[in-house]
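Labels run A, B, C, D, E, F, G and H following the written order; every chain starts at residue 1.
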Amino acid sequence: MKSLEHILEQLSLGKISSDEAAQHIRAMQSKTLGHTQVDIDRLSRTGCPEVIYGAGKSASQIIEIAETLVEHQQNVLITRIKEESVIPILENFPQANYVKTASLIRIEPYERTFKETSIAVVSAGTSDQAVAEEAAHTAEFLGNKVTRFYDCGVAGLHRLINKLPEIREARVIIAVAGMEGALPSVLAGLVKAPVIAVPTSVGYGTHFGGITTLLAMLTSCANGISVVNIDNGFGAGFNAHLINNLS
Amino acid sequence: MKSLEHILEQLSLGKISSDEAAQHIRAMQSKTLGHTQVDIDRLSRTGCPEVIYGAGKSASQIIEIAETLVEHQQNVLITRIKEESVIPILENFPQANYVKTASLIRIEPYERTFKETSIAVVSAGTSDQAVAEEAAHTAEFLGNKVTRFYDCGVAGLHRLINKLPEIREARVIIAVAGMEGALPSVLAGLVKAPVIAVPTSVGYGTHFGGITTLLAMLTSCANGISVVNIDNGFGAGFNAHLINNLS
Amino acid sequence: MKSLEHILEQLSLGKISSDEAAQHIRAMQSKTLGHTQVDIDRLSRTGCPEVIYGAGKSASQIIEIAETLVEHQQNVLITRIKEESVIPILENFPQANYVKTASLIRIEPYERTFKETSIAVVSAGTSDQAVAEEAAHTAEFLGNKVTRFYDCGVAGLHRLINKLPEIREARVIIAVAGMEGALPSVLAGLVKAPVIAVPTSVGYGTHFGGITTLLAMLTSCANGISVVNIDNGFGAGFNAHLINNLS
Amino acid sequence: MKSLEHILEQLSLGKISSDEAAQHIRAMQSKTLGHTQVDIDRLSRTGCPEVIYGAGKSASQIIEIAETLVEHQQNVLITRIKEESVIPILENFPQANYVKTASLIRIEPYERTFKETSIAVVSAGTSDQAVAEEAAHTAEFLGNKVTRFYDCGVAGLHRLINKLPEIREARVIIAVAGMEGALPSVLAGLVKAPVIAVPTSVGYGTHFGGITTLLAMLTSCANGISVVNIDNGFGAGFNAHLINNLS
Amino acid sequence: MKSLEHILEQLSLGKISSDEAAQHIRAMQSKTLGHTQVDIDRLSRTGCPEVIYGAGKSASQIIEIAETLVEHQQNVLITRIKEESVIPILENFPQANYVKTASLIRIEPYERTFKETSIAVVSAGTSDQAVAEEAAHTAEFLGNKVTRFYDCGVAGLHRLINKLPEIREARVIIAVAGMEGALPSVLAGLVKAPVIAVPTSVGYGTHFGGITTLLAMLTSCANGISVVNIDNGFGAGFNAHLINNLS
Amino acid sequence: MKSLEHILEQLSLGKISSDEAAQHIRAMQSKTLGHTQVDIDRLSRTGCPEVIYGAGKSASQIIEIAETLVEHQQNVLITRIKEESVIPILENFPQANYVKTASLIRIEPYERTFKETSIAVVSAGTSDQAVAEEAAHTAEFLGNKVTRFYDCGVAGLHRLINKLPEIREARVIIAVAGMEGALPSVLAGLVKAPVIAVPTSVGYGTHFGGITTLLAMLTSCANGISVVNIDNGFGAGFNAHLINNLS
Amino acid sequence: MKSLEHILEQLSLGKISSDEAAQHIRAMQSKTLGHTQVDIDRLSRTGCPEVIYGAGKSASQIIEIAETLVEHQQNVLITRIKEESVIPILENFPQANYVKTASLIRIEPYERTFKETSIAVVSAGTSDQAVAEEAAHTAEFLGNKVTRFYDCGVAGLHRLINKLPEIREARVIIAVAGMEGALPSVLAGLVKAPVIAVPTSVGYGTHFGGITTLLAMLTSCANGISVVNIDNGFGAGFNAHLINNLS
Amino acid sequence: MKSLEHILEQLSLGKISSDEAAQHIRAMQSKTLGHTQVDIDRLSRTGCPEVIYGAGKSASQIIEIAETLVEHQQNVLITRIKEESVIPILENFPQANYVKTASLIRIEPYERTFKETSIAVVSAGTSDQAVAEEAAHTAEFLGNKVTRFYDCGVAGLHRLINKLPEIREARVIIAVAGMEGALPSVLAGLVKAPVIAVPTSVGYGTHFGGITTLLAMLTSCANGISVVNIDNGFGAGFNAHLINNLS
């Protein structure tokens, strides 16, 4: 780890003692809150701030972590926020923005520059909207322009083909679909950009909560597709950001 | 069962005795060969002759059954024939026709009239050919005209769209695909005919021997698709025949 | 796509400009409602109107789509309607007909001619009724006569055999069953019509929400069966319509 | 354990010492062959001799166990015998009877009385014969009369119904089937005897090596069915024997 | 079917017309209630009355079926009764007996003789009680004496061994267990009676709602075990009755 | 069983009769409460007291069992306690300690000595806390010192490495993780102590309620890991105790 | 599709007839070889040439397709080549390069420029080499520099950490692992580049041919990972190329 | 990592330069052989030498790794050795010992002291021997005394109970079983030592190659059991060693 090596150098130059070195390393990397070790170092290490996964955490745990991050000059994204946690969080962070469709909260006191290139989020059906919005907001939070193309499922192929020229302008494409998940297969055969496929859990019977969609996407006959977990709009947005961020 | 009712009438008119009735019924329906009860009555009962599923049977068992059927004025189709059974069968039925690609044998001493309308067999990739041919030969054996459209997978959409006008001329469509099985979904959104989808077992990894394809087809977002077992070209051909046969 | 080709001709005759052509094509195919691209063209393309799958949509989304369809001279079928959406929809479409057993709404301001031939819906048990009714209503909505034969499970075989003469009068048969799903196997061995099998999710233990039924139907030893997704009464009704509709 | 209690009594009467008691108990229950502890006591404890499951054992291991059993006045049944073990075993036991269809060997130097009542073995298709024969031979080996009814699958219902009067004469019924496994469901609705269902592994695609058949049988809508492992003809024969053996 | 044959005879003797014959047959076998064809003939055909599976039926449907059965001189067992249906049913059948632990209702206006031999119901843990009681009550309802041995799981082996002498007095044994389901394996090695194993759905994690228990029971190394569906106490009781009923 | 042998000796010395022996044995081993046979002997037989699994039991059943154990000089641990059972239990055992995070109750009127060596409980994320606490409290209840290291997931490796020196001081390590479960793999490569891995059910999509974590842990490339059931903190604590308890 | 639009313009300008337009479009997109429609247009449409998946094709089919591609100025990559097809192909393409470890053949008569940035292929164990090499060769074939880091599994963490500075120099990272698949999780927490994870099928028991690895990777707690099919080195290499290719 | 910290100290004392430190660390930890990074440091880090998993490696790769280990004063264990690799390895290491039953090779030029306490390996059936022997040899290789108790399956309970006194003398118990895997459940209820359960893949039908056994073991109702991968005799032996090794 880079900073570790840096401190090592200081140590070898005699500028700090062996004990101080250890202390420095530990202090700069994480702040312990009892229940959680907040990973403050992540931004410099991986290029992205830590994001709070709200599903398994109480409102007060989330607030405590968010405060720590804001104190360390980081914007905060909270995903999978439970309905009952929204009000307490908004009360603590008046500038926070709650996105109901995607069940997430954005707290962005710090400005950032946006890339020139954009990410396209294409979805197959109306019911994939929540996941598509999670992807879109995540990408925007991380500093990307996002264009949205919804309800472009392959059962009415013209709906997709009509949008193709616009979709082709994106640097990366996120394809969100439930059911048989054929959208990324068809899409990847028509574009040059890498396609990140997100299976959604909306469906019934043999859809098996998205497993069928996931497997179909992994088994695609088209090239240029990689896949993330079921309903993982956040992961897709994050990956798309890493790619769009490449200079 | 129709014939049962007919005999019942005879019986009530006093033309036959109660015992004779029972004997007649049993005799006309099946001929027992020790290992097998050949269903001679099936043709009149369901409109299709009995077909021999070759996979679990020895060459001599198959020959015995085939002879019984031929004796009863029926053409014979043997599917899933094992390589080693081919020669002995061909020796017994010199007029038999062995179709290697589809691992089947057709013995057709009796003529039949063909329907005017046709069945289209559309396949996604080169490796789906064996299943597609099983479907096509089954349909032909049962008296249907068949048109073949192979290697029309959705990763290169134009390959399918170019064939669309011809595919639309068929009364029923059989869509054969492996991988993510998106072909029937795309196809059903573009045609008016019923689509019978056949998943194939060719693939690897998350394809799981065709399970993924099967599930994707069952979960299709498009209307007008029904599905048969993995690699069940015979079943698809048979179903297509039943539909094409409707006056 | 047919209309595309038609417009192409107009274009080549100089009657419209290249831009106009593109505009026409896009306009005639779908109307965008923000959340949804309504597929108005589907009726002429596939012979069936677009049906609204109610499960993932809010009452107001459904109303908006339904209005668009009605405006374009199409009857409307809404399936899998959520209890809480019924009242608002009925208030907007006073002529709408709510079918509680099948959780669907039919809005049919426009008349249509019915085919002479009929579709039989046969079900195995009392608890398969919801799915059977979804199939029956879908087929009726699309212009077919439907005859219903309920509670004909194979554990009391005489219940099925008694109905056989009437069942045989149908052009297509929909067989709805849960549990081990043996009904279509037994039925297909006794009739000439194609059988569309619908597994239902009612059961417990090794029934696995219908998976066992589905697999058993796909693995049937009888010929002439094709299968749709678990509980997919709509899909079965739609397929049966396509088949019954064949001239 | 009965004999344990008997020895306990001897011990309390002072007829044997505590050490002798322990030694007796151990000696009479099993004979250790290094690789195997032969359960000689099983006949008196459970009413049935130990049977040798041949699949995981070498010819010499089998011979050693068989000799031990014969020495202790027990007939020997060896199931799932590997092709290559047959000759060496037959050479050691000239009176042994090898049943190729069922892959088993019967060594029966000791006579036994047969029950008056019989067990019916009903199978669905030609390819279920191996399992059906394993069940039939196991039941015969254990001293039961067996009647066989093969190729009675539900796709041609008359084949089963014709045999019904004879099947009804059995005290217990073993129903062997592959594919969708509907035979026991139909059968149990027509008879008074308990039905032991045996799923077989013959099939393809969604048959999943017998899992589908197994699940369908467990989920049967008919009463009076219990199920054994896939291809477990031995288990079915053994269970049927226990039941037929009840005075 | 016996009665069918009887009527056939009447018909051949000219005592009834062909039409009357058909009418008789249909009338005597089932009474149609709109939603349900009540199988009145089942008692004479299979030796057991029809039992009402309460899970998928409304209180009024159940009451209607129960009344039909009572009218035809049959006692009534209703299993898997929903909490909210209990009161209305009890109001209609004041003599009905509601067994809360097993979620069933017994309506027994008609007397019956009990067999001399008994059925043992052995369960592994406290939480298997509901299923064990369903089995016990079903067997009692069908006219059997039942002895109960609860909380005899193999983790404390002495609990089972202490009860062994009493368990051995039963003619058939029902072994109810959740978790790893080892009880029937251990039990079958110690008794001579046939063992019907019932897996229960109580557990967590890798127990998978009883699938693990089911599979373990089917894979048992002990002989003499057959298995019914997960939580299927009714099926086990019914099977045990059929066996105990053998003269 | 030891005590069995002891009584046997008494018996052979004529100090007690055969009947008395049997009675003694049964009495000392379990106390029957109707629904439950309390295993009082377990402490002397396996070195650990019986623990009450609260999930499937009512408050009154639990209280009755707990009272029996306390009467027999045993401390009581109740795991998976349902929310609604807490108050009644606490009212009956005023000295009881309710641990909300881990859903368990400890009743410890009897003192015990603690081992000198300790058990480390390491968890990957905030949401694994409930399971980690169940493990920790179980181990403490059984007389072990426990050190806790939470939120040490591998995505921020330094969080784990910082704690390594302290973790290495433990005699046994319990590694609790959800998601992809990589923590035990990484940990086992860095320590000398045996690692007991506990998969947790917290996650979504392809996590499948902990199955993925479980499988990943079982398939670990690192040596020295054994695994317990999903969310089985109790089992891990118990195993760790057995190991830490070895002299 | 772009070229389609271009031809449309020509048509509207009267430079070509409507029939000519259709003919042109079809001709330029694919060349039909009977068994296969070669997708010549793919290079211009998606930026990558068509690659031949060798698994389901005969040597002569492969040769025919490869010749068509070479004739159209495209280099050829053949993956999953069967052992027996290698010699015939090499005889037809003397300049072809056979890579035994990765079971692929490269035919590269045409030069191309390489990107400056590189792709890192990191693998966990010796047995992942085949898949890692398929990824590396695919990426190289498509014009990328590749650096290889093999045997860096997490059980010996220092092996990975030692290579970290070099790995960090890549623009995209491919992480290949079998077993529990923890490598990408650990890696993604330490780098800024996007990570494409490839599960491999090498393992046993609960590894389930790579399913466990796949699921673990999809469920990773680390951000920045997307996943391809089991053993899909080609897909990973292709995706990495698309990303590295972004200007 | 200990040595890392040690070198750090040297560095801070100025005894070595920063560069030297890095070089030392890397050199002492692994030796790179091209295909493999041999983990020489593992012995000091985790207390056990690296073991060679033979399944995915060629004879020459194995020999190269083994030579490196022997050079570094380590004994060598090679598991899952392929038949064809045995001769070449034995030729290179004349002192090597090939254990055919367990498919492993032990090369032990260096002496070691054995612990006083022992490990018991208990197996259920004859066919579990290979796995049991892998466990036993692994434990012996690592310096433990091993006692073997084979063919103690629960279907003949006395076989296990007879051996109980001897089994109880071990400090750790490895329980190896296939089929329904009840052995560890029964065993853990009778002993005080920790039990490591190993499911084996020998079986058929619902045994699913050991999955059923694995799940049953994980779901055991008995306390004190932890589980390793299917057929993972090595892992069990290794874990048992770690536990037996605790001072």
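Quick notes
Methods note: contacts are C-beta pairs under 8 Å (C-beta built on N, C-alpha and C of every residue); 3 or more make two chains touch, one makes a residue touch a chain.
Being a predicted model, the structure only gives us computed values, none of them experimental.
Residue numbering shows that chain D and chain H use the same positions for less than half of their mutual interface. With centres computed as the average of Cα coordinates, no chain lies farther from chain B than F.
Chain pair with the larger contact count among B-G and E-H is E-H, by C-beta pairs in contact. Centre to centre, using the average C-alpha position, chain A and chain H are separated by 41 Å.
Once the centre of each chain is set as its mean CA position, chain G and chain H turn out to be 38 Å apart.
One simple way to say how far apart two chains are is to compare their mean CA positions; for chain A and chain B this gives 49 Å.
Of all residues in chain C, those that touch two or more other chains are 1, 125, 155-156, 188-190, 205-207, 211, 214, 218-219, 223, 229.
Across the complex, chain C is touched by residues 1, 4, 25-26, 29-30, 35-37, 39, 41-42, 55-57, 61, 201, 210-211, 214, 229-232 of chain E. Residues 1, 45-48, 51, 164, 171, 188-194, 196, 214, 218-219, 223-229, 235-236, 238-239, 242-243, 246 of chain G are the ones that touch chain A when the two sit in their complex.
Looking at the complex, you find that chain A touches chain B at residues 124-125, 153-157, 179-182, 185-186, 188-190, 203, 205-208, 211-213, 215-223. Against chain E, the residues of chain C that register as touching in their complex are 125-127, 129, 150-152, 155-156, 158-159, 162, 202, 204-207.
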